[in-house]
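To keep things simple, chains are lettered A, B, C and D as they appear, and every chain counts its residues starting from 1.
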Amino acid sequence: MVYPNGKMNEKKVFKDPVHKYVHVDDQVIWDLIGTAEFQRLRRVKQLGTTFFTFHGAEHSRFNHSLGVYEIIRRMIDNVFDGRPAWNTEDRLLCLCAALLHDVGHGPFSHSFEKVFHLDHEHFTQRIILGDTEINQVLREVDREFPKKVAEVIAKTSDNKLAISMISSQIDADRMDYLLRDAYFTGVTYGNFDMERILRVMRPHGDQVVIKYSGMHAVEHYIMSRYQMYWQVYFHPVTRSAEVILTKILHRAKALHKQYYSFRHQPVHFYSLFEDEVTIEDYLKLDENIMYYYFQVWQEEEDAILSDLCRRFVNRNLFKYVDFTEKYHGLNNWMELSSLCKKAGIDPDYYLVVDSTSDLPYDFYRAGEEEERLPIMLLMPNGELRELSRESSIVEAITGKKRMDQKLFYPYDTLYEDGRKGKVKEKIISILEGKG
Amino acid sequence: MVYPNGKMNEKKVFKDPVHKYVHVDDQVIWDLIGTAEFQRLRRVKQLGTTFFTFHGAEHSRFNHSLGVYEIIRRMIDNVFDGRPAWNTEDRLLCLCAALLHDVGHGPFSHSFEKVFHLDHEHFTQRIILGDTEINQVLREVDREFPKKVAEVIAKTSDNKLAISMISSQIDADRMDYLLRDAYFTGVTYGNFDMERILRVMRPHGDQVVIKYSGMHAVEHYIMSRYQMYWQVYFHPVTRSAEVILTKILHRAKALHKQYYSFRHQPVHFYSLFEDEVTIEDYLKLDENIMYYYFQVWQEEEDAILSDLCRRFVNRNLFKYVDFTEKYHGLNNWMELSSLCKKAGIDPDYYLVVDSTSDLPYDFYRAGEEEERLPIMLLMPNGELRELSRESSIVEAITGKKRMDQKLFYPYDTLYEDGRKGKVKEKIISILEGKG
Amino acid sequence: MVYPNGKMNEKKVFKDPVHKYVHVDDQVIWDLIGTAEFQRLRRVKQLGTTFFTFHGAEHSRFNHSLGVYEIIRRMIDNVFDGRPAWNTEDRLLCLCAALLHDVGHGPFSHSFEKVFHLDHEHFTQRIILGDTEINQVLREVDREFPKKVAEVIAKTSDNKLAISMISSQIDADRMDYLLRDAYFTGVTYGNFDMERILRVMRPHGDQVVIKYSGMHAVEHYIMSRYQMYWQVYFHPVTRSAEVILTKILHRAKALHKQYYSFRHQPVHFYSLFEDEVTIEDYLKLDENIMYYYFQVWQEEEDAILSDLCRRFVNRNLFKYVDFTEKYHGLNNWMELSSLCKKAGIDPDYYLVVDSTSDLPYDFYRAGEEEERLPIMLLMPNGELRELSRESSIVEAITGKKRMDQKLFYPYDTLYEDGRKGKVKEKIISILEGKG
Amino acid sequence: MVYPNGKMNEKKVFKDPVHKYVHVDDQVIWDLIGTAEFQRLRRVKQLGTTFFTFHGAEHSRFNHSLGVYEIIRRMIDNVFDGRPAWNTEDRLLCLCAALLHDVGHGPFSHSFEKVFHLDHEHFTQRIILGDTEINQVLREVDREFPKKVAEVIAKTSDNKLAISMISSQIDADRMDYLLRDAYFTGVTYGNFDMERILRVMRPHGDQVVIKYSGMHAVEHYIMSRYQMYWQVYFHPVTRSAEVILTKILHRAKALHKQYYSFRHQPVHFYSLFEDEVTIEDYLKLDENIMYYYFQVWQEEEDAILSDLCRRFVNRNLFKYVDFTEKYHGLNNWMELSSLCKKAGIDPDYYLVVDSTSDLPYDFYRAGEEEERLPIMLLMPNGELRELSRESSIVEAITGKKRMDQKLFYPYDTLYEDGRKGKVKEKIISILEGKG
């Protein structure tokens, strides 16, 4: 058994645009990267449909996973330098958990999970613990090692310090995705001084804390996250694409339930439609496969499915209006809905309210959910203080939930020239707030 | 007819990591970007299989096409500022040609074209001139406009100046891809000072020339290209992936010719196998579709097809050795080949020589091919001088064809522990130059 | 008279690390840059003593002044594109005011002005209106032109729009210095997306406003400023150098008043000591000259002057403690002071309290001072709204004055080994908060 | 004695725009940085008069010296990782030599040394070995340590490996200045992938060699140097400033020899004029002091000295023409010279030929000078090969000396309107190549 002392003969590096290089010198890491399950992450985009809004955002979860690994590697070098308690296995545990933390993500994760009631974290566990190449590699370290890695990712491990490095309010995961998503989208909001943060991190009992002198760097990081959420992750054009994607999956499932005869059998979706997904089925699905179906389904007879697929593939998205009380109270909503039906537009698929709280919003809110570890500052006198008590800027945005509700609808269908009748005009006047 | 004077009510911008922003204020450009054929470029990677080597290189041709358009837009602003001869239509012609110059690229272009004897330039013409959304948009400008755009791209237009801006040794195409590929791979070699080059460009008769004072910036650009070719584009790991890809397509075609019964019918490939590709068929193919087949073909009964697909999908690539006279002369080659057969390894699919001259190498060589417009310097006294006559560095690399031949083979199959017999040992000793 | 239509035959450019290039195509701008008074700005650092803390911060006000000019030039191109009301002279007025807005800065401005009761804004006016090369150039445009430029800088001009471009809460001055100081110090805090801000600016009556869609970019800019102030501009090490500098100037002036006989006569300071500074005297002073005196004064007989100069020149700065009620109330202060005297340490020069409100703090506080133009957002419905009413982040930091008081003292003198007696020990115990 | 095992309690970092951070954890390094002699480097610009051409180039040798130190620190970490032979003292020796290698540089080194026949390398030796603070710090390590450090810098040490790290064709010195000068000037030519070069360096016997796989990165570095020399270091505007500077120093010395009575006695220059410079005198001189004299000398009675000083201070530089046989053969030269005299222009000061071979040109030329260590590639088979034998690009520029001769003259004096007589017209016609 070559692990865990199995250093490679020659260090390997990956050229990475965000961290310059990703360094690998443990054989187990190298082997994990080579598994089929890890390579699959190349076929799942880090930001799902965001590339429809920011065309640069075509990077995969493979990218991000290497990045999180690299940050943890550097954290260990910086933070644990010379601490004997942090032995070889703890190091390896942390590196593996970092590398694999997202391995269970499905294609277009957000919509996918919502429609099929799945949870990528659950699949991450199954991939690590099940009959997979990843499991085989991890078992070479130690028979218990897969379980240990899975526990760190699931936050049930006794090694709280490892958990805090990978999943806390200022962890390697968030640091990598902010920098990486900023790089690939081209926005500057996500830039913060990670070098400095790595230098002011300290292990302190069960968690990683930040030296007080680094508070401003952490403020900057928090503000970067805030900006990225509202500027990039919650961008309404991206949400429009997600809305369409969700409706495609809903429609396909509904048709399946109705024994609709598909021209192109949704073979890869059967187990999803039946809620009986095996690991093997799950791993076969990726964004290429999904896209294949969206493309061929453009030729389905079902008008809704084919229209939605055409929209997604050709980026002919829905438009949106702010969905506020004033314009769209319940009565208007019901009227809108019935008017749409009259106009031959199915409101279940073409009138969609989306609010950002549906999205993976994990903006900093101290103390609200138990699992959220607050960021602690290590004061010069040795005390620990929670960040928002020291930083007035962080305090200002702590716990302030920001909502955004939008109504998405097919502008082109409504405004199609020539064919616009009275019913459509009424719909338009309500949408434009004149109703 | 809204075009060509149809400026948009509000300028649109795309956030672009390379040029910061891509600006659109012509309605025709906006509409072209919205066509199904242009959106398809999102599903074709700019660098094919390079992402297996440089994981950041997941960017699409959609990205690059916008970038070329933006450079041309800036070139016109800089270079033609205040020149009345450059009228509105010439401007639009140039912008459209820039945007559409790559629209005919197929999935994994290089291997794809080689196996199926196709030519993306030919398809670019057909897409612009055929029954497509792009053609419809262009016709709104003028009935002859699609033809004019196509001629600029095909380099048969009378507007030599437009041709020289888009396809010469220092054109918007090359400038964008060098900067963009450098950005996404993370290598620094491709960086040069485009701002300066744009400032020293001058239209001069039928071509764009460079003011002498900008010679060093051009040298730097030429050197960047040289570096990018050898460091990125010709990287042997990428070529290994291309080799496997080529062999998959060959195998599928061969099986089809032999009436092999596919579990997963290669519906999308039929017209390719039969050499009767319509525009409609062609446009249905993209890298998602290709990848779909590679994934499902892992389950084909044919051992070669399924093995090659597994290799490609899971990045289990071939290893390589320099294929030089000394080690691999004809006799050795024939011996190798027959040894492989003995060992049950089909040399047609598993012993592949690839030389970079097979790759799209268009490194600067003055005067060698007629179509290559040399870069001309505008001297202070008004004379024109060809670049390599002024620059000793450029002279040094002008016309020096550099070859690289490698032999690719399945290392893992040969070295599989336990099962290695005498035949394999002999093969290995030849590959390692000991034979 | 060549101005104001005097475009240059050939555009000139300056290579600038922040804006890539600074473009000049007006002869008057070129000539202003060539004047002795403007060239003098090369000998005044943009950030005074900050280079003692951030060694990269050695850039001059010459740099910054070109940068502000360039931003205004781009603002005009972006914002006023195609607005005939913005005629040639207004454009030139704005460019000149931008270029010259800091021309009255003295060496190490902050301390210098404090000790000698001077005001750089006053000198900017005198340089523009007095008998200078700058005045001569400006008069070539129009006899009234120097006055007009001076009025824009003094904010007394009728051209409120020009004033708002150069001196408001989001003006070219602040945008340049944040980006530039971030670049030269190497910190990342000062980066924000200026390109986007320039694109969302709109002239609206008397001021420049920001389109609502750009609110997040403005938030990011405001946060960048906040960070730069606390991370860079108010850094205690820089303030320590300022404290010493102030004390050197005080000491020299005091000695002069006492008819102390300098070995090196402070010829350049006479008029300052006598409060009778002419423009000619003022312009002769720059940081090289000041440094010359500090270097030669190391050899003065007066122990305080020579010690302080040695400290400044060799960066042997004072240490500091937070100066809070708890540790340093009035009684302690008086005790400290008298203990120092006993120990032979003059508290007037060696015990210095500095609070950041002494520093050029102009952090965003809406409505507090009349001259502060608030940042107005142009809402989609055409309304104007003050920024902090829309942005919860900006609201959070609006008007929150943050104070920082520190006590600076000569650590080395107190801790000098061997010679530490009871008195020094007592001083130390008070400083360390044990007294 | 705290050294050499004296690690600091807390690592210190300097924020550096080029390397992000400079890390210090050895007390001796910290103490060296704090010496008066090292702090003096803040008052000597890295690129002398280049800031007249590239206004960003105001950075000091202090900056660069820290950068070289940091690169060596990283080199040791990368290259010598785990090599016991490289003991603690060798490490410290290398770090100190790196930090101090430029400590002997005088103000505006190039012109200064030429006029006064000085050599900064000689003064570096004297500062390290003489009665200085630096010497005192080094002696704390070991009595012989100053000598050892000096020998590494002088290239006479037995530790050839250390020498090759600091002074070879690809050393820490060159790598830092190329990156740093590119950063501060804002040109992109000097960027190369230092990270990669550091990773492919290997100690091999007496020198550092480069793994063959890194050849392209080295090519890129060599090309960057080539570009920086011709684009930045040899820029004719910079040379014009150097010419004036040289003539000022010549004039002042000549006047001194003639017992001219200076209004402002050149006290700091006496020992230079008399060729009897002590270390103490030398260290008192820096660019602030020099500038002080240039500024006050503007008021000297001697017309040449005051005019040249005015030109330098106000950047009223000489213009230039290419000085080629064709236009400026010997006869023309003598005629020019005598015409100038007639026109009242002293040719000794106002007609200056400068050729770049006068400048510190150390472009890569294998084998030409004994001291130039060629760059050796470590081939896969263990052989060493000289770089230019493997790289056709490097070969192309190896040994090709490129000359540039220019004639500098006071354009404004000759073209002054109104007063231009026949003699001046004749001079002009020769300069413009019409004579």
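FYI, a residue touches a chain if its C-beta (ideal position, glycine included) is under 8 Å from a C-beta of that chain, and two chains touch if they have at least 3 such contacts.
Owing to the predicted nature of the structure, the values given are computational and were not obtained by experimental measurement.
Interface comparison, A-C against B-C: more C-beta pairs in contact at A-C. Using mean Cα coordinates as chain centres, the one most removed from chain D is A. Chain geometry summary: the mean Cα position of chain C and that of chain D are 31 Å apart. Each chain gets a centre from the mean of its Cα atoms; for chain A and chain C, those two points are 44 Å apart. Between the Cα centres of chain B and chain C there is a gap of 51 Å. Of all residues in chain D, those that touch two or more other chains are 20, 187.
Residues of chain C that touch chain D in their complex: 14-18, 20, 34-36, 39, 42-43, 51, 54-56, 58-60, 62-63, 66, 183-187, 284, 286-289, 291-292, 295, 313-316.
Every residue of chain D that touches chain B in the complex is listed here, in rising order: 187-189, 191-193, 216, 219-220, 223, 226-227, 230-231, 392-393, 395-397, 400, 402. Touching chain D in their complex are the following residues of chain A: 13, 20-21, 195, 199.
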